[in-house]
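Down below are the structures I want you to see.
One chain, chain A, links the two complexes that follow: it is found with chain B in the first and with chain C in the second.
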Partner chain A sequence: MIKQRLKRIKAIAWKEFIQIERDPRSLSLALGIPIFLLLIFGYGLSLDIDHVATVVWNQDASSKTSRDFLLNFKNSKYFKITGYTDNYRDIERMINNGDTMMALIIPKDFSHYIESGKTAPLQLIVDGSDANTATIAMGYVRSVVSRYNVELLAETFNSKGLKPVKSLDVQPRIWFNEGLVSTWFITPGVIAMIIMIISALLTSLTVAREWERGTMEQLISTPVKAPELVIGKFIPYFTIAFFDLLVGLIMARVLFGVPFRGSYLLLFFLSALFLTGALSQGIIISVVAKSQLMASQLATLTTLLPTLLLSGFIYPIFNMPKFLQAVTYLIPARYYIIILRDLFLKGNGIITLWDEALFLFLFAFVMLSLAIRKFKKKVA
Partner chain B sequence: MDTAVSVSKLEKKFGQFTAVNKIDFEVKQGEIFGFLGPNGAGKSTTIRMLCGIIPPTSGTGQVGGFDINREQHKIKEHIGYMSQKFSLYNDLTVEENINFYSGIYKIPQNEKEERFKAVIHAAGLEGMESRLTVTLAGGWKQRLALGCALLHKPKIIFLDEPTSGVDPITRASFWDTIKELASRGVTVFITTHYMDEAENTNRMVLIYRGNIIAMGTPSEMKTKCMTNEVLEVTVANSQDWLERISKIPGIKEAALFGANIHTVVYDSAKAKPAIEQLLRAEKAGAFQVNKILPSLEDVFVSLIENYDKTETKKN
Partner chain C sequence: MFERIQSILIKEFKQIFRDPRMKTVIFVTPLIQIILFGYAANKDITYVPTAIYDKDNTAESRELLRRFTYSKYFVPERYIFNDKEQNQVLDKGDASVVIHIDRGFGRNINADKDAQVQLAFDGTDSNTAMVVMGYANTIVGKYQQDLIKERAYAKGITGPVSNVDLRDRAWFNGNLISRNYYLPGVISTIVTMMSLLLSAMAIVKEKEIGTMEQLIVSPLKPIELIIGKLLPFAVIALVQITLITTLGVFWFHVPLRGNLLLLLLSTCIYLFTTLGIGLFISTVSSTQQEAMMSVFLFYMPAVMLSGFAYPIANMPKIIQSFTAINPLRYFMVVIRSIFLKGVGLEVLWIQLVPLVAIGVCVITLSAIRFRKSLG
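== the complex of A and B ==
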């Protein structure tokens, strides 16, 4: 009995393989999209903010003090001094044009104030149209200035023969992503997104296509059973999606230098669970939709958007309103992204990941049984 | 003889629309059973219920001894089905299509080769095994579809308008294949809207608007189901006389049939002299008026018209 079932599953899987191979559209979709997305996100989407364009108006240019102070900006990778000016008109124009992000204005009597032990004002004009970047850039300026202040204090105390005051000194040590490279953080998310989209999109077309072309009519007049059909259709797409996972893994490692510190075996096992869920979701969509256009739209809508916005892929979940945070528990990619990041960067094992793994198992199980049930209803 | 298919009060509704209205019929084993009717009469819906593709709204029935409401799966093991629309995979080759259905029907490995050759031979597709199905001409596609539906040697085969859109020569050879199948004891359940094809069946029903309005062998249909009579008028330039003849009282209708005119009349004893009189008076030249056995097309047209009339009266 099982052997006979396998025979049918084999026939369906083989037929599906041939069809994919003969359809340049789905083939390029399956193999092109992952590479394309990884390149775009890997190179294009950098959340790191450095080389903040800064224009300087040093009204006290003749003093050594002001020039020494500016060295702190020149020597930092966080700033890029794009030019010097001597009037506000230029500053306004440059900020309006987007040629610069900030303008730093050192007043005329800057050195005078400092040398006479007074507080020196320093003007900073920031383009706040991108609030996030502006906040971060201002933080950079503050940290440069506070370091300079500490030096000033020390100097003053020294010159008066006093001991420096006690102060706190943070000694940060960053784990997992030591260089705080945002690509390391993004790439695992991109892989999750690719697998989700590819799986759901490809399978969503396969059943809808059979309805559209009338081949389903013939198929359901045969004694083929719903589980056989679902699993048979499943196998080729599982293979493709798994291949995409490998492509993503290799690109992440080789192209973007993301480390992989966990167990490959665990990665493949948990990915298989995620794939099963995503592929089954595609089959459910396909059974419901009955036309290829409708199916692909539904698949994109139900996989791309939640995975992009609600999985913690880019936007941190803890920053979302409570209601949305609750919704994210229903997004399978949320768990898969945690797993990928943990495996890539932290090197965690199943002991820390078991709850995510459990959810993925549930996702796979529920979706697969639902796909088979939906199919059964349509078929007989 | 055993019964291959029987249904009782079989009904299918789509929302408010009744596609099949509580019909009863029986098909005997080894019979070529014609299911005739115009487009939209409920032929495909009936066939799809029998094949277990869609469930009936109500009614009972059996196909090959299996209940159509509960044992659809067993039915599917024992029947072949060829749908109205070509439904093999266009993007597979001939060989791949056959292999696919061999797998689906679980043909044992040691028989696969032999059945494959048989299908190719029967469909006349030798040398075209590796051609993409999409590149085959209509008739070949049809025969390939039939071959795939027969792969598992079913006892009953359902053919839904297998000859629509196929040229006359292919149609004729298709019917030869069907007769050959029946001679081997296979029950053939075939729908068509080509009335002339009904002559090839052993028995038939005529379905119209979801109701069975006649049932019988071809000769029974011609003799029993027709209350009117048919006169064949042979005359030169028959098309010019058609309208004049149809206006003669006692003539229900007249239609061109090849080069002749077929008239359906209430009483041939009265109508025949009337036509002869008209043609003689108008100097039509040599002519002949003969009472003939109606063709099935005459029978069906007349049955459907009668049905429509009684339905209008009812409302």
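== the complex of A and C ==
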């Protein structure tokens, strides 16, 4: 009985393999897209903010004090002084055009204020459109200014013949991503995204095609049972997606130098769970949608966009409003991305990842049984 | 000619809306997307889960911690008492920063010695870590200045102390709300996806079912066929962008400072490129599955390399020059500038010219290919 079952599953899987092989363009896309995407995203995407384009209007250019102050910006890799100007109109134009991110305006009496022990107002204009970059850039300026202020205080102390001022140091210890390289953060997310899209899209469309062309009826009239059909269809796509995962893993390690600190065995096991869920989701979509056009729309809506925006891939989940955070629990990529990042960067084991693993298991189980049930219903 | 275009237009609209669920997909889902993603697309870091590890427990250490927790950013989620817990907290992601004050902190401060506070960050998300570090530096810096002032006062330095007062102002987005920046981007990605997918799939479908042959033997000229096929999707996309822009602006209070008409005009120009690419994809794919895959092959890099989430200025030079042929890159700047900066054609023509150029190239290329594939 079981032997016959396996035989039928094997036959379906074999048929599916042949069908994929006959459509070499789809196959090369399924294998080529991940490589292409990883290449450009791994090399291209970066959130490291340095060399912030800055224009300077030094109204007190004749004084040494102001020029010394500016040296702090010139010598920092975080700023890139792109030009000097002497009027507001230029600044406005440059910020409007996006030629500069910030404008630093040193007032006319800067040296006078500093030398006579007064407070010198320093004006900073930032293009706030990209709030995230602006916040980080403003943080850089603030720390330059506060360091300068401490120096000024130290000088005052010295001039009064007192001991130099004591310092209060912040000692930052960065864990897991010691160099704050954003590629290390982005690449595991890209892998998760690619796998999700490839698996859900590929299955939903191929199965939808069989419905559309009527070849599904032929399959149904054979002695193959619904679960066997689902699993048989599943195997080739599982193989392709798993291959994509391996390629992604190798590229991340070799090309982008992302460390892998966890266990490979755990990675493969949890990936298999995730793939099972994602592929089943693809089958469900194909059953619900009658046409390929509809299937593609549903696949985008339920897999691509949520994976892109609600999984924590780009936008941190803990920043979202509570109701949306609740929604993210339904996005399997959320767990998978945490798992990938933890395995790559933190080297965590199953002890810390058990709840994510549990959710993935639930996802796989629910989706697979739902896929089989939907399939049965449709066939009957 | 117009009569023929009209009749194919009517046929197209009928075909699109025959499936009642398609109506929902086209008009309702973009609205749901804009709401969901409008909430999600937010990088303002207003909540930093913090663990506190105070080995010193003196008035000074508590004062510093008070300053951390009184800032609205650092929310103490855990108090920990040994190094092992510190590791666990960061491993599990329960806190993204541990404020670690060693024994002797208060004593050092009172004895006028250098004192240290250790901050252990979860650097996994380098961007968030960077922002949080900025917050922490500001707080500690302020505390240091207050301490020095106190000391100066104690030593009898009462006169004014010179310092620089930073007055920063953010233009266009005064409160630095990142949603204002991302929402126009979300609008443009939704429109891109919809127009690409609908146009590419619809044409391939006719090929796959074989009805394309019927259209070819009809008296329709190729150019009429192209216009008749693409125009419905342009109309749908324009309706979509109006709907989601209206909803986005009213729901999220994102400022729309520029001219709405200019926005629609630029959208029309942009649609030339996306529909052209859709048409092109339909000529190179023989099945809908292939078309779908090709759409993704175009869509993913187009979004990622458009400056939507990852600033183009941060990319390596070679990739930056590669983005010059990405139409979404230009449209992204246009839609963001119209929303936030309120600038008009006098600034945006620099973006619109390449967009027109790309549009013309793409549409001619695919029209030629399309004619060939018919012949």
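Structure notes:
The rule we apply is simple: the second predicted complex is superposed on the first by the 364 of 380 C-alpha atoms of A that agree within 3 Å, B and C clash if a C-alpha of one lies under 4 Å from a C-alpha of the other, contacts with A are read in each partner's own complex, and residues count from 1 in each chain.
Basically, contacts are C-beta pairs under 8 Å (C-beta built on N, C-alpha and C of every residue); 3 or more make two chains touch, one makes a residue touch a chain.
Bear in mind the structure is a predicted one, so any value in this text is a computation, not a measurement.
With chain A as the common reference for superposition, the partners chain B and chain C occupy compatible, non-clashing space. Using the contact criterion defined above for the overlaid structures, shared-chain residue A:G128 touches chain C, although it does not reach chain B.
When the two structures are aligned on the shared chain, A:D23 is found in touch with chain B and with chain C. By the touch criterion defined above, A:Q292 lies against chain C but remains apart from chain B after alignment on the C-alpha atoms of chain A. Once the two complexes are laid over each other on the shared chain, residue contacts for A:I220 go to chain B alone; chain C is not touched.
With both structures placed on the common chain, the touch criterion links A:I114 to chain C but leaves chain B unconnected.
Of the two partners, chain B and chain C, it is C that touches more residues of chain A.
Shared-chain residue A:M1: touches no atom of chain B or chain C.
In the superposed pair of complexes, A:A11 makes contact with chain B only, with no contact to chain C. Following the chain A superposition, chain B and chain C show a smallest Cα-Cα distance of 12 angstrom. Chain A residues in contact with chain B (one complex) as well as with chain C (other complex) are 23.
By the touch rule above, chain C contacts chain A in their complex via residues 19, 21-22, 25, 29, 33, 36-37, 39-47, 49, 90-93, 109, 112-131, 133-138, 140-141, 143-145, 147-148, 151-152, 155, 157, 159-174, 176-178, 180-181, 186, 193, 197, 201-202, 205, 285-290, 292-294, 296-297, 300-301, 303-305, 309-311, 313-316, 319, 322, 333, 336, 340-341, 343, 347, 350.
The part of chain A that touches chain B in the complex is made up of residues 4, 7-8, 10-12, 14-15, 18-19, 22-23, 213-225, 380. Interface of chain A with chain C (complex): residues 23, 25-26, 29-30, 33, 36-37, 40-41, 43-49, 53, 69, 95-98, 113-136, 138-143, 145-146, 148-150, 152-153, 156-157, 160, 162-163, 165-178, 180-182, 184-185, 197, 201-202, 205-206, 209, 290-294, 296-298, 300-301, 304-305, 308-310, 314-316, 318-321, 324, 327, 338, 341-342, 345-346, 348, 352.
Residues of chain B touching chain A in their complex: 51-53, 72-73, 76-77, 79, 81, 83, 85-92, 96, 99-106, 145, 148.
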